[in-house]
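I have a structure I would like to understand better, so I am pasting it below and will then ask my questions one at a time.
Chain IDs A, B, C and D follow the sequence of writing; residue 1 opens each chain.
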Amino acid sequence: MSASLGRRALAEAVGSAALVAVVVGSGIQATELSRDVGVQLLANSLATVFGLGVLIVLFGPVSGAHFNPVVTLAAWYTGRREGDGLTARDVAAYVPAQVAGATAGAVLADAMFGEPLVRWSTHDRSANHLLLGEVVATAGLVLLIFGLARVGRAHAAPVAVASYIGAAYWFTSSTSFANPAVTIGRTFTDTFAGIAPGSVAPFIAAQMLGAVLGLALTAGVFGRRPAPARADAIALHGEPELTAPSHP
Amino acid sequence: MSASLGRRALAEAVGSAALVAVVVGSGIQATELSRDVGVQLLANSLATVFGLGVLIVLFGPVSGAHFNPVVTLAAWYTGRREGDGLTARDVAAYVPAQVAGATAGAVLADAMFGEPLVRWSTHDRSANHLLLGEVVATAGLVLLIFGLARVGRAHAAPVAVASYIGAAYWFTSSTSFANPAVTIGRTFTDTFAGIAPGSVAPFIAAQMLGAVLGLALTAGVFGRRPAPARADAIALHGEPELTAPSHP
Amino acid sequence: MSASLGRRALAEAVGSAALVAVVVGSGIQATELSRDVGVQLLANSLATVFGLGVLIVLFGPVSGAHFNPVVTLAAWYTGRREGDGLTARDVAAYVPAQVAGATAGAVLADAMFGEPLVRWSTHDRSANHLLLGEVVATAGLVLLIFGLARVGRAHAAPVAVASYIGAAYWFTSSTSFANPAVTIGRTFTDTFAGIAPGSVAPFIAAQMLGAVLGLALTAGVFGRRPAPARADAIALHGEPELTAPSHP
Amino acid sequence: MSASLGRRALAEAVGSAALVAVVVGSGIQATELSRDVGVQLLANSLATVFGLGVLIVLFGPVSGAHFNPVVTLAAWYTGRREGDGLTARDVAAYVPAQVAGATAGAVLADAMFGEPLVRWSTHDRSANHLLLGEVVATAGLVLLIFGLARVGRAHAAPVAVASYIGAAYWFTSSTSFANPAVTIGRTFTDTFAGIAPGSVAPFIAAQMLGAVLGLALTAGVFGRRPAPARADAIALHGEPELTAPSHP
C-alpha cells in the first residue's frame, strides 16, 4: 500500500458514502416507482451489486476497499503478526472514516430525492431471526474475503463480494447489512433501507459474532495460515497496481 | 489438490449448505415480498446465480466445488483410469458431505426466516414433463462442466456454471434441480423451493439419466479423451492456486 | 480449428438447439408464472443472456459458436481470400445443422412443458417497424462480432455477444431474432417466443440486409482489413485452446 | 491511438447513436409491456448496462469510447500537458459527432417502434433535487473513469462504467443522464426516456459542475498526477490492441 494513510482514509470515507448512497437512494427510487415489494428489492439489490463492485475495483488499490469496520478489524487481527499488515493506527483512521462516510451517504441520498436530510428511521428490525440473518450474512462475507485471499484469488473480490451481497439481500432474512458503519448510516433516513436506532446495537453484536464465526470457518476450510511470506501477504489490503502505472 | 480429504469434504459440506440456504432462503424472501410468481422466480434465480458463482470461485481450489453427487460420480468415472483423478474413497467422503450439507442449509434457511426448522415439503413435482426437464437440466450441466475442462476453460466454470443454472431455472420445466443432494435437502422445507419426499426418487433417477446423456454428448462434441497427460488432467477438480500463494 | 467438420457441425446443431430451447422454454415458463408482460420479457431476456454466453464459451473453441447462418455466411465472405478461413464446404455443413438444431430445440422446449410438440405459431410479426428492428439488430450483431475480431478482443465474445442480445431484446421492436435458423425454429411452437410462418421470409430478408450493413459499418469504423497475417486471422472462428490442453 | 481522426469520430458517432437507441428504445418497449414503473426502469437500466458495456469494449480501442462531451473535455483537460493526450482538434471532432450521433439514435429508436421520428419531449425534469442527482451522477462517472486510469485498471472500464450507470439509474433521482450529448438527443423523443427541451440547460450545467467535482475528487483520492510517463499515459483514450492484431 503506497498511498498515505490520509488518502487511504479518504478512500474509505468516499467509498462508504457512495455505498450507502447507492443502498438508500435506490431504495427510495424503487419505492417511488413500484408497489410490488419484490420488484423494489430486486432494484435495490441489483443497484447495490453494480455499485459495490465498482467501488471495490476503484478503491481496492488505494485502501483495500473495506468500507466496513468488521472487515478492517478482521484484517488487522489476521495480519497482526506480519510486519506489513494493517496496524492499529490504520484501524483507528479507517473505522471513523467509514462511519462518517456512511452517514454522509445517507444524507446525500435523502437530499437527491428531496427527503428530509436527517430523520431517524422508524423501521424496526429487532426480531430474533433477523439477528440470525446478520450472523450468517457477516460470517459468509468474512469467509469469502479472507478465503479468496487464502486461495490466491483476491483479484476476484470486486465481482465476488458484490455478487455475494446480491445473493445475501435475498437469502438472509435481514437483507444482509453485515456492516456496522452502514448500519449506523442507515439510521439517518426514514425510507425503505432505514433501520431504527433501537435495532442497531443487536445488529452490530450479531455482525461481530458472525465475523468471529467467519474467521473460524476460514481456518477450518482453508487451513491455518502458513508463516507469512513477504510477497503477497497483504494482497487483500491492496494490490500493487497503484505504484505500477502500466497494466500489461 | 493439496488439501486433505477432511478439509475437502468440509468444503463440500459448507458449500452445499450455503447453496441450499441461498435457494431456499431467497425463495422464502421472494414469496414474502411479492405476489407475482414471475418476480419471485426472478429473485430466486438471480440470488442463486450470484451465490453459486461465489461458492465455486471460493471452494473450487479446495475441493473442486462439486456440491453435487452427480458431478462427483461423473468426475470419478471419467478420471478413473488416471492416477491423479478422484478416487472411490474421495467419492465416499464427498457424497455424504454434500447430502448432510444440503440438509443443514435448508434448516438454516428455515431458521433465518422464523419457519419451522424441519417440515416435509408438500410441493408435489411428479409430472412426467418435469422429469424430462431434470434430464435436460442435468445433461446440460454435465456437458458444460466436462466440456469446459476439455477445451481448457475450467477457469470459466464459476461464471459459466452459475449462468447455466440461471438459464435453466427458466428454460426447464422443473426449474432445474439437477442435483440429488440439493433435491434431498429441499424436502426438509415446506416453502417455495421445497419438493415433496414422494417426488425425490424419480427426480434423482432422471438426474442420473441426464448425467449419462451429458457424458455421451461430451464425448460426441469434444471427441474421445486423449491418453492422460499429467499436467492438467484434473483441472476440473481443483486449480493449483491453493499451493501457489501469490497470483501474478 | 482442429476439430473435424463432423464434430464442428454437431457443435453447431447442439448449440443451436440449446439456444432455441432456452429462448422458447423460458418464454413458456415466464408466461405461466407472471401476467406482467414486462416481467415475462425480463425473464426471457435474462435467461437468454445467461444461456447464450455459456454456449459461446463452451462451443467457441470447437466450431466458433455461430449458431446463426448470417454469421456463418459473413465469416465465409470476409475470410474467403484467406487459406485458413471458413470454406464453402464448411458453410454447407453449418447452416443445415443450425436450422435442424434450432427446430429440435423448439420441439424439446415444448416437450419439457407439456405443450404440443409441433404446432405452428400464430404470433404474427409482420409490421414494417419490426422489420426495421431486425435490420438494426442484425447489423449490430455483425458489427460486434467482426469488430471484436478486428480489435483483437474475440476472447470477449461470450460475454459481449450475450450482453448485446440482452440489450437488443429490449431496444429493438422485434425483440431481436437476428438469426434465420432461430427464426425458422421458432415457427414450430405456438407459445410466447413463436413467430408465424408467414412472418419468416421478411424477417430473414431484413436480417440479410442488416448483415450487409453490419459488414459495411465494420469496414467504416475499423478500416479495411489488412493483408492476411497467418497467426490470428481466424481468431473469430475458433480459439486454439482445444488443441492446447492446459490453460496457464 | 492509431486510428485516423475521421474513423475515431465515426466510432464516437456510431457509439453515441447506439447508446441513445438502447436507452430510448428499451424505454419504449418497457412502457409498452408493463404498467409497473419499477419493472419499466429495471428493463431500461439492465438493457443500458448490457448495451453500454458492449459499446465500450468494441469502440474503446478505436476512439476511447467516450460517447460523452464531459468525458472528452475532461480527458483533454487532464492530458493537455502531455504530447500524446487528446488535442483541441480531437475535441472539436468528437463533441459534434457525439451530439449528432445521440440525436440520430433517438430518431432511430422512434422509427423502430413506429413512433413519430421527431417530437419534442414533454417530460419536465426541472426540480432542484434532480439537478443535484445530475451533479452526483457525473462526479461519480468522472471519478470512476479517471480513477481507473490512475490505478492501472482502465481495462476494467467496459464492465465498471456500465455497472456504474446501472447503479446510477437507481440511486440518483435523475436516473443519471450524466452526458450532455445524450441529454440533447433525448429531447427528440416524447417517450419514457425523453427530457423536455426546457430542462436541458440546467441539466448540462449540473453535469459540468459534477465533472469538475469529479476531477477534484480524483486528485484527492488518487493523488496528483505524476510527471507523464510515455508508456501508458493515455491508456484511457485507447488501448494499443487495434494495431497489435493478435491477443495473447
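A few notes on this one:
In this text, a residue touches a chain if its C-beta (ideal position, glycine included) is under 8 Å from a C-beta of that chain, and two chains touch if they have at least 3 such contacts.
Just so it is clear, the model here is predicted, and its values are computed rather than measured.
Across the assembly, the mean Cα position most removed from that of chain D is the one of B. Counting the residue numbers that touch the partner chain, chain C and chain D have less than half of them in common.
Chain A and chain C, compared by their mean Cα positions, are separated by 40 Å. In this assembly, the C-alpha centroid of chain A lies 28 Å from the C-alpha centroid of chain B. Counting partner chains per residue, chain A has residues 36, 39-40, 42, 46 touching two or more of them. If each chain is drawn as a node and touching chains are joined, the picture is one closed loop, every chain linked to exactly two others.
Of all residues in chain A, only 36-42, 45-46, 49, 127-129, 132-133, 136, 140, 143-144, 147-148, 150-156, 160, 163-164, 166-167, 169-173, 175, 217, 220-223, 226, 229, 231-232, 235 touch chain B in the complex they form.
Listing the residues of chain A that touch chain D in their complex gives 3, 7, 10-11, 14, 18, 21-26, 29-30, 33-36, 39-40, 42-44, 46-48, 50-51, 53-54, 57-59, 61-62, 108-109, 111-114, 241-242, 244-247.
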